[in-house]
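Quick notes on the structure that follows.
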Amino acid sequence: MPEHHQPGALAHHFETYDQQKEASNLGMWLFLVTEVMFFGGFFLAYIVYRSKFPLDFAYASHELDVTLGTTNTAVLIASSLTMAMAVRSAALAKRKAVVGFLILTMLFGGVFLGIKAHEYHTKWVHHHVPGPHFEWHGEGADPHHAEMFFNFYFGMTGLHAAHMVIGIGLLTWLCFPAWKGRFNEDYHNPVEVVGLYWHFVDIIWIFLFPLLYLIGFHMHGH
Amino acid sequence: MSSTTAARAVPPPKYNYLNAEHGIKSWLLTQDHKRIAILYLISVSIFFMLGGIFAGLIRLELLTPQGDLVSGDTYNRLFTLHGVIMIFFFLIPSIPAVLGNFLVPIMIGAKDLAFPKLNLASWYVYNLAGLLGLYAMVHGGVDTGWTFYAPFSTTYSNSYVVPTALAGFTAGFSSIFTGLNFIVTIHRMRAPGMTWFRMPLFIWSHYATSLIILLGTPVLAISLLLLVLERTLHIGIFDPNLGGDPVLFQHLFWFYSHPAVYIMILPSMGVVSELIAAFSRKRVFGYKFVAFASLAIAVLGFLVWGHHMFTSGQSVYAATVFSVLTMLVAIPSAVKVFNWTATLHRGAISYDTPMLYALGFIGLFTIGGLTGVMLGTLGIDIHVHDTYFVVAHFHYIMVGGAILGYLGGLHYWWPKITGRLYNRFWSQVSAIIIFVGFNLTFFPQFILGFEGMPRRYWSYPPEFQVLNVLSTAGASILGVGLILPLFYFMASLGKKGRWAGPNPWGAVGLEWETSSPPPPHNFLEPPVVTHEAYAYEELHPEPTQKEPYVA
Amino acid sequence: MSVHIEPKRNYFLVFGALLILTALTTWVAYFDFGAWNNVVAMGIAVVKASLVVLIFMHVRHSTPLTKLVVVGALLWLVFMVVLTMNDYATRGLLGVLGK
Amino acid sequence: MSHKFPLLPVQASTVAPEVDALYWTWVAISAVSALLIAVAVFYFFIRYQRRKSGQIGHQDHGSTTLEIVWSVIPLVIVLIMFVWGTKVFFDQSRPPSNAVEYFATGKQWMWKFQHPTGKREINELHVPVGRPIKLTMISEDVIHSLFVPAFRVKADVLPGRYTTLWFQATKVGEYHLFCAEYCGTEHSLMGGTVYVMEPDDYEAWLAKAPGSGDQLATGEQLFQRFACNTCHFDGPRARGPNLEGVFGSTVKLADGSTLTADEDYVRESILTPKAKVVAGFEPLMPTFQGQVTEDQLLQLIQYVKSLGDKGAKSTPAGQTTEGAQPAAVTGGAAAPTTGG
């Protein structure tokens, strides 16, 4: 064992750092499996109704702002890059770089949530939030089915945003040990597992974006 | 390795997990998997008694055809709470969170589970969920059935659906924590020499169970979440008036809830494998086949959920596909039963109490399994679906299977967990009473179901009374049998209790090589495994007790 | 112990690829390929997700167990979706009502 | 209904003996298997008792041959039973083409039935013996399930879409009718009786209490009252598709897909007209959700169905002509307040 370890970084019931690292890594992957199935149930419901009401969903989807959606995708991808860089810096024990990349990641996350909040606000103003205020004046779609689309839009992006908020909380917490220089080649699994979580949240969005924003887009011209 | 001291009066180990620390705080903040197992034991026992009381009231009401003891609304709440409590708060956590928690690390030679804090959190989350459930209960209960079918649960029920659904949602987290912990522990924390095919079958079955927990529970979480959203915000996902499809709820619900049956029965099968090996003093016949059968059940169990929906309006074609897949899942279960039976052949069999439970399990699980395949046969299911035939079938699996396995395991490892021996006579009387009472309660229900008595009926046509009276009589016998262990287990902890010594049964397994109760980190010397599981021939263990019971 | 340190360059390459694919998926959505629009959109999403999983999440250099976990999760998702859609797609067939 | 203790349920439909043969075969297979295991367990238990403390069992490592044998034999048995069970299921769930159509509506906590003559009943269903009868069913609230044990048939009754159940009674008598899907407070009371009668008695019973108008005629009136005919007619200026010959045919939709016009499609078109627009038409039709009851929907569908096979108008059993006169009550208990 290298001597630059902090005392107590190895929990009592593990024999080696390797074992501890692999355990926490596997633990996070298994947690992500549960997340896949959790979102999976929601995706399944979405697939069922989209295949049931394809036109209504397409018309309702046209109310979303594709430019903002695309921008947000890019922002989230950028945050994934900085997250990956943070993990890399932690493994190389580059103290300041870790903190810098963590903060950058949080910033991108914040921008994403800001844009999302702006989109939510627009939907609220246009009475596209499901519930008693919901109004549908668009052509083509049945109002109930259009509302169904917005249920999925708000449900799925809301759940995704909640995961982002949790992620930002975890990143904030990571900044402290990172600043103190706790992370090195042997012990950086906290950054690594939070990184896995963050990338996973990014992947969810990679699927949400085309599913929600890009339906039947070619019909726009008609 | 098998350094056994065949002394008569065994002294208690000076240093063990029970006396290492004292005070309430040392329990409530413990990260020791063994203490958490004890905490879980207390919690699930309380919920088991509560669920049992509801069961008793249900059987009392059904003594007469008229609805005379309680009102229809009360009856609906009784069977709902009985189901919710027994499934989410007893059967699912019972073996994994109590016996599994205690034994998984010890059996593979680890000091603890991989994530001790998560393990403690699991217990707190479980109790939080329990409190939510109790909150719903004291405010008037819930009447949707444990299945929460929409749109009754989302629109029409006037009861406390939201807190109960949230209780199920929250309880799911506690079981995910446990399952995640087991998988990581089994992968990463095995002692030197503990290869995959040296692991006891108890570990294999817990591994398979944990897989199901991880892959299935999140889907329950999302379906309950959607249900809560639908009920509070009327989002319309399951409401046909808004374009929703109530059958989708059933798909999502059963995607978890069918595999959940295997969450309940697989650990019990693991216990039975241990019991049969220990009390025949023999390697389990076809060890690898039994191990792989657990995994096969875990996989195939996810492909058959639609057999709960044969009459639900799902397509005829889908029903056919689900039926044939259901037939396939019968095979690994059958393989297990055959291998257990074959293990008895030329064994050195003893009549110890845990073995009585194991034998009871084989018989009742066989009946439960065979009637399950009958239910998977489309032509029969259309007639007996949602009748007492189904009720009888799943009680044969869950009481005759899961609970008998749990009790068998508790009797087998009680001396390890507490270090104490219990009474032979009363424990055997109790096992026999439970077996007789169980069959009298549930066998008549098969006949009732075939005759067409629907389930969840608070009053019924008078010609069904004879069988219902039999069933209620059986339930009272079963109740007595289930209360008895409480007394002799408690007595074993008292002044008359005797110390068990490390290996009272003379069994093979890492858990029997450490003291009873074990030290805080399970082993004083880190164990090194040199043999397969159940290596009786090589290890020839001697029991530390000639009579492993108190008089 | 072996920590695989991915070269910086790879991360930026993946980043660039992801941005291009994002632009591509939005662009192709304007064309009418009929049912193939969905296939193309999902295909691009799968490629993007794979890049993130393999490079950013280091699965390319992970243990076989991690790879198995990833594949397993996807397999179960497929089980759930396929067996459920198997019902919805075949409702009303074989002379029984139920669309 | 006999109140004595029955060990076997009555067989009173054509599928009942099929189901029972399947059931008893399974019971026999199960009994033999369970008995074999029980005998083996007990024999080993007694024969291989532990004689002395410390004795160990004879160690064996299993046998792949045995494993294969006891996997394959059960597999063959269950697959045979699957095929048989599926055959019975198809008989149970696919109504024959000559079945006479009755309607059933479930609501908390009663069953409403409509005969082809328009005759209505609550919690009682009178049917002639020996004639295939198909129930087209829908729920007004939660999920129910219609179950007649003597006929060995059961089908869930869903809100929002139609399901069917069919039977051909073989024995005159009175049989239990249950709701099998838990539906709330009075679930256990949501049942009644099926009366299977000789065809002559059935006709007499119908004549004694005539219906309020046959379904077709009532449907036609509704079609006019909701002003469906102002758009749906045959002509170049029709804003909606002409409905003649539609039912049962393949319909091409605006998005290019096709479907077969069945009961659920007609229902959906009335309630959510914009969901599936026929090719060549604008989505102009307003929804009739909330204005038309489930019973009226069934009558409208019956009418659209009759337009589907014009000329070959089938005359269901017991249909009388009196229904052709305008009947005052169209919606039974729940006549709508708003017209078309």
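So that you can tell them apart, the chains are marked A, B, C and D in the order they are listed, and the count of residues begins at 1 in each.
Everything below uses one rule, namely that contacts are C-beta pairs under 8 Å (C-beta built on N, C-alpha and C of every residue); 3 or more make two chains touch, one makes a residue touch a chain.
No experiment lies behind these values; they were computed from the predicted model shown.
Centrality by C-alpha centroid: the chain sitting nearest the overall protein C-alpha mean is B.
The pair with more inter-chain C-beta contacts, choosing from B-D and A-B, is B-D. Distance between chain centres (mean CA atoms), chain A to chain B: 36 Å. Rounded to whole angstrom units, the spacing between the C-alpha centres of chain A and chain C is 15.
Chain C and chain D have CA centres that are 40 Å apart.
Contact with two or more other chains is made by residues 22, 26, 30, 33, 36-37, 40-41, 44, 48, 52-53, 142, 144-145 of chain A. For chain C, residues that reach two or more other chains under the stated contact definition are 65, 72-73, 76, 80, 84, 88, 92, 94, 96, 98. In chain D, the residues that reach two or more other chains under the touch definition are 90, 93-94, 161, 163, 272, 275. Viewed as a network of touching protein chains, the structure reduces to a complete graph with every chain in contact with every other.
Of all the residues in chain B, the ones that touch chain C in their complex are 187, 215, 219, 247-248, 251, 255, 302-303, 305-306, 313-318, 321-322. In the complex of the two chains, the chain A residues touching chain D come out as 53-56, 139-142, 144-145. Remark: chain B residues 110-116, 176, 180, 183-184, 187-189, 214-219, 221-223, 226, 229, 233-237, 241-245, 248, 251-252, 255, 521 touch chain A in the complex. In the complex of the two chains, the chain A residues touching chain B come out as 11-14, 19, 22-23, 26-27, 30-31, 33-42, 44-45, 48-49, 52-53, 130-131, 142, 144-145, 147-148, 151, 155.
Within the complex formed with chain A, the residues of chain C that make contact are 1, 3, 5-6, 8, 11-12, 14-15, 18-19, 22-23, 25-26, 29-33, 37, 41-42, 44-45, 48-49, 52-53, 55-57, 63, 65-66, 69-70, 72-74, 76-77, 80-81, 84-85, 88.
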